[in-house]
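In the two complexes below, chain A is the common chain; its partner is chain B in one and chain C in the other.
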Partner chain A sequence: MKRLEDYNPTTIFLYFLAVTVVPTVFVDPALAALSLSGAAAYYILRGQGRLRDFYVYGGLLLAMALINPLFRHNGVTVLFVMGNNPITLEATIYGFVASSMILSVILWFSTFSRIMTSEKLLYLFGRVSPKLALILSMALRYIPLFSTQAKRVGDAQKVLGLYKEDNIIDDIRGGARVFGVMVSWALENGIITADSMAARGYGIGRRSSFAIYKFTRADAALLLMILTLFGAAAGVSVLLGVSFTFYPAIKPPPSLPAAAVYSAYALLSFLPAALEVWECVKWKYLLSKI
Partner chain B sequence: MKNTKIILRAAIAAVLCAVALAHGAQAKVYTADEIADAIRGILAYELSQNGYDSVQSWLDSGTVSEWYAIGLRQSGEKLDFSKYGEALKEIYQMSGARSPALSQKYALALIFAGRGEDEEISRIAGETIGAQGIISYIFGLHLITNGAQPENHNAESVISEILALQLADGGWALSGAASDVDITAMAIQALAPYYGQNIDVKAAVDRALGLLSERQLEDGGFASLGSPNAESAAQVIVALSSLGVDIQQDERFVKGTNTAIDGLLKYRRHDGSFAHAEGGEYNQSATSQAYYSLVAYLRCLGGRTPLYVLDDEDAPLSPGVLPGQEEAEKGADTTNPDTADISDTDLPDASDEHGASGKGGYKIWVILGIVSAAAIVISLFWLTGRRNPKNFIFIIALATAACVIVSFVEIRAPEEYYTGAPKTKENAIGSVALIIRCDVLVGVATDEHIPADGVILPETEFLISEGDTVYDVLIEAARAYGIHTDTRGTNYIAGIANIYELDYGDLSGWTYLVNGESPSVGCGEYVLKSGDKIEWVYTLALGDDIR
Partner chain C sequence: MIVIKSAAARKVIKVLVPALLIPGVIAAGAYLFRGRHYYAVTLAVAMLSLMLFAAGFERKKTGTRRLIIVSVMVALSVAGRFIPFFKPITALTVITGVYLGGEAGFLCGSMAAVISNFYFGQGPWTPFQMFSWGLIGLFAGLLGGMLKKSRALIVMYGAVSGVLYSFVMDIWTVLWYDKGFDPALYFAALGTALPHTLLYTASNAVFLWLCARPFGEKLERVKIKYGV
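Presenting the complex of A and B:
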């Protein structure tokens, strides 16, 4: 057994695809909760999260959840009436489900971008489309690049005495200025990158890529498991029509097929966290034998 | 430091302004003591005329008129009403012809004698409400306010009857189209407890107050049927006091240097009783009405319930109003002889007073919550040393924005919004018919929330006022019959009864017809005329399948 990140890029990629497609296609409180807890468990076990991030995520969850009932007025349980439009319980619940689904996808992708290095992406898409692989790896590189550069500009501004951090108004104005700087920097950086790449001869001949990832038996076994679980969850949902109705009144799907979908997805969602824990236990065990 | 000084100066200026406003009228303001003196004078006169040595013995005899009994009960003095109650029942049973007015007066007195539990009261209310025009609705509403539960009426139905009888000039009358001050004031007295809860009542009462203000004479008094008299002024004092408005302070009711209290006390005779007309002889109804109106006014100053709403509080009014109390009161009151100062400092305006307790009252609490949250955040910033003034400016700006949003967005509880009955409109110009249907979905969609016959609202009549649009009538129907609606602004209806546009195909949605034609304007712009027939129809093909 290995950690998820040690598997072949194909397996990793298909796993993330499977685990995010199910809750986004079938909006369901149980699936959203399983997806969120699985993503959060993996995120925490990998030691990615700082406490501050979770405050931000919690605030995001609450804000997205409460915005929905302000714009969706469908639903039979009226909590109160704002102007002439009802604010309903159903829309509020849908808001919470949708926002935890979105948050779980954010968490999955934040882990995905850490695991899928540009090397792996090049391996994965290099043969299919070298251009796509290049663009993907450049795009993914861009996110951390942008945040490091933003921090640098911010620090420079502070050193220049352009804004003091001791009050909210100057904080916001300073932040807006840094953002403005970053926009022009990004445009300029794009041109410079393009020029630089052209100068190095990119785009002249056919690109090839090299990687030494092997598709082992373990990869095949895990991939088979992922596809089986995904097939079970998605197949039962589609074929037996397991869908959670929010509007106009909440109606959960029939319990037997729903239980099958939920348990299949639970296994899928907690798979990386379980591998992580298993690996950790094994490591500790082996250490204890030395 | 500089800031503190500025704030202090602003605060002082604001206080000075308020004081200046309060004294702007410069009318003679009777103190609570002077009012209490007048009340004691009336009781002393009645006792000596009827030959009783104390109010209690007068009460026990059962010969006290209902009006005095109600006033005495509401003066909060320690009096025993049990004997009076029995005497009252006896006299009523002996009386032969019982007019609705007599029965209602009896039932009301019975409530104030502490027998509010009697089943008789609800029965009388049921039999008499509506039996004698406006007066029977007014006193019926007093009975219901005090707990009577007639089978055929409730507070809302009686209120809507009273509102329906309001005349075009804003007042009420026994008959005819010209309003009468007494009847208008009595209607306000009955509606007063509902002023803060019902927007229609508030509007009606505000209009009536405008009329009364107009009708006030230069001497502060009022006239009924063309002649100035004590009773009209007394009824207006009770009406304003029931609304919690200090009649000596409300500028609508200060004429020159005179108030309605001046207008009443000018009919006071040297022996303490009151005359009907200026310089006239003792008049029984003028005296008793003067009595309870002054009690009502003292209740208003003391922040107690309206005269006709029995409160459980037994505390006597301050100053005491029984004859013989003045010596004791004066002895105790030497430290603060001018009790009217209290009324100087708080100037209750009708709308403010009731806005807080009834509809929309939550807003004040929400705003208070926002302000206190802002105060907590500010003090946290202060304590953690982030004392840059810009921080505080930002927080205050944020709190102000939140308060503005809260005060502009109207949030209502479902029970309050879905009224269950169409509005009564006193200025209706006619009626229209409304149908809401989705019969194109019958047999097409199997969802449970679609009615089997495709009719969401069968043809229903609605009253319309000048300028009412198709949108207004739809919203009124939604409120009256609890129909879910989702509106985007006033011109676009996204869903009715949880059936939404685009639910059944890309061309599906709600559209409306007036008299069978599909107008080419939004429903918030189509102004209706009497006799129009509105149809809200669900279409599957942009309206092509319904014509």
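Presenting the complex of A and C:
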């Protein structure tokens, strides 16, 4: 047992795919709630969240949820009439479900961005397309390089009295000039890099990767578990037609297959949080024995 | 993950993907979801098209210098944000497309989308951004001859593509939220994005007005000097 972030990039990637696909495809209050709570638990356990972020997320949720009943007037239960438009219970509930789903995906992916560093993504996709991976990794390296160089050029220009930052016009014109200088420099620099790479034999053999991620037995086990849970949740939903009806009236799916779908997805959703807790407990336990 | 090591397999993908998979995905989506969940289908189609493009690019022999110049353009468009009010990704994608060809334009746009999302957050929207920015670059390349000659045309193209980008991305927003396409929600989404779209369009136009010519000259110079 390891933290999710310590597994092979393939496993991590497929996990995030599986956990976000289910609630997006099958819009359902229970799935959305499970996804949101699983994502939030993981987010908090990883120590990513600050309290302020959750105010922002809460506001986002509310705003997105209330858009739907304002523009959608389907549904049989009219809560009240605003202007000439009925505001219905069904549309309001749909709004909350859809926006919790979207918010949960945002949370999942914010953790995903932290865990899947560019290095891991390059490992994952570099084998599919080595040339694109090269462009990606070169560009990633160039960004900080260009920023420092641009600052140097800008400082030099200011010292020479070529532009001030007092007014917007001058600032933009100065920025544009620095940008122009940077373009020439970057292109020439790039050509030098390319020649240097060619001289060292780039493109002759197969490309190797800096980081080595082994696909271990633990990865296989976790991946199997992820795929089984995903298959159970998605398979039962599609085959038995478990779907939550919002319009015209709320109708939950039959309870037995729905329970199977929800429990499979609950396990999937809380998997990373559970791994995180398990690791923490194990760590504390081992410490206590010293 | 799918590991495509052999060139032959990549060739097969190149034929198979457009011929079978894309119509297959659309048909399966229509059948399985009975016309709902367009967004899943559009997402799959966007990703397949990106894969198709990657396979085609991988097959070609592209010089190291050309590869590096594209990555320089990508990095410039992401790093170019240090100029106040400019978000130069669209503009630089257009310039790359016009001066280095449609393929380079597509690469520049789609790679810039991936990289800027390292800073702003990846998500299901990434493939769409890659796809729409890529297309902006691709079409700039196809219209290259015309756009190169006239300053007004290139500015217009930049402005229009900025607006279209926003329109396309909001289609995705609505599909994701609603699972179907509701024009009222779409216009609401467009409305909330309006100030952003306007700023974006104006900044594209200004950037292209100021920089298209000098930028193009620099690229042409490098192309002549080093024979890229």
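To be clear about the criterion, the second predicted complex is superposed on the first by the 210 of 290 C-alpha atoms of A that agree within 3 Å, B and C clash if a C-alpha of one lies under 4 Å from a C-alpha of the other, contacts with A are read in each partner's own complex, and residues count from 1 in each chain.
We take it that a residue touches a chain if its C-beta (ideal position, glycine included) is under 8 Å from a C-beta of that chain, and two chains touch if they have at least 3 such contacts.
Model, not experiment: these values are computed from the prediction.
When the two complexes are overlaid on their common chain A, residue A:L136 makes contact with chain C while staying clear of chain B. Contacts of A:L224 after superposition on the shared chain: neither chain B nor chain C is touched.
When the two complexes are overlaid on their common chain A, residue A:I168 makes contact with chain B and with chain C alike. Once the two complexes are laid over each other on the shared chain, residue contacts for A:T10 go to chain C alone; chain B is not touched. Within the superposed three-chain model, A:P248 lies in touch with chain B and out of touch with chain C [touch as defined at top]. One of chain B and chain C touches more residues of chain A, and that partner is C. Judged by the touch definition given at the top, the superposed model places A:L256 against neither chain B nor chain C. In the superposition on chain A, the residues of chain A touched by chain B in one structure and by chain C in the other are 168. Note for the complex: chain B touches chain A at residues 386, 388-391, 393-395, 409-414, 416-418, 448-449, 475, 478, 484-487, 494-495, 498, 500.
Taken in their complex, chain A has these residues touching chain C: 9-10, 13, 20, 24-25, 27, 64, 67-68, 70-72, 98-99, 102, 105-106, 109-110, 112-113, 116, 118, 124-125, 127-132, 134-136, 138-143, 145-147, 150, 168, 171-172, 175-176, 178-180, 182-184, 186-191, 193-195, 197-198, 202-203, 238. Residues 1-5, 32-33, 37, 39-40, 51, 54-55, 57-58, 62-65, 67-72, 74-76, 78-80, 82-86, 107, 111-112, 114-115, 117-118, 121-124, 176-179, 182, 184-185, 188, 210-211, 214-215, 218-219, 222, 226, 228 of chain C are the ones that touch chain A when the two sit in their complex.
Here chain A touches chain B in the complex through residues 73-76, 78-86, 164, 166-170, 247-249, going by the rule given at the top.
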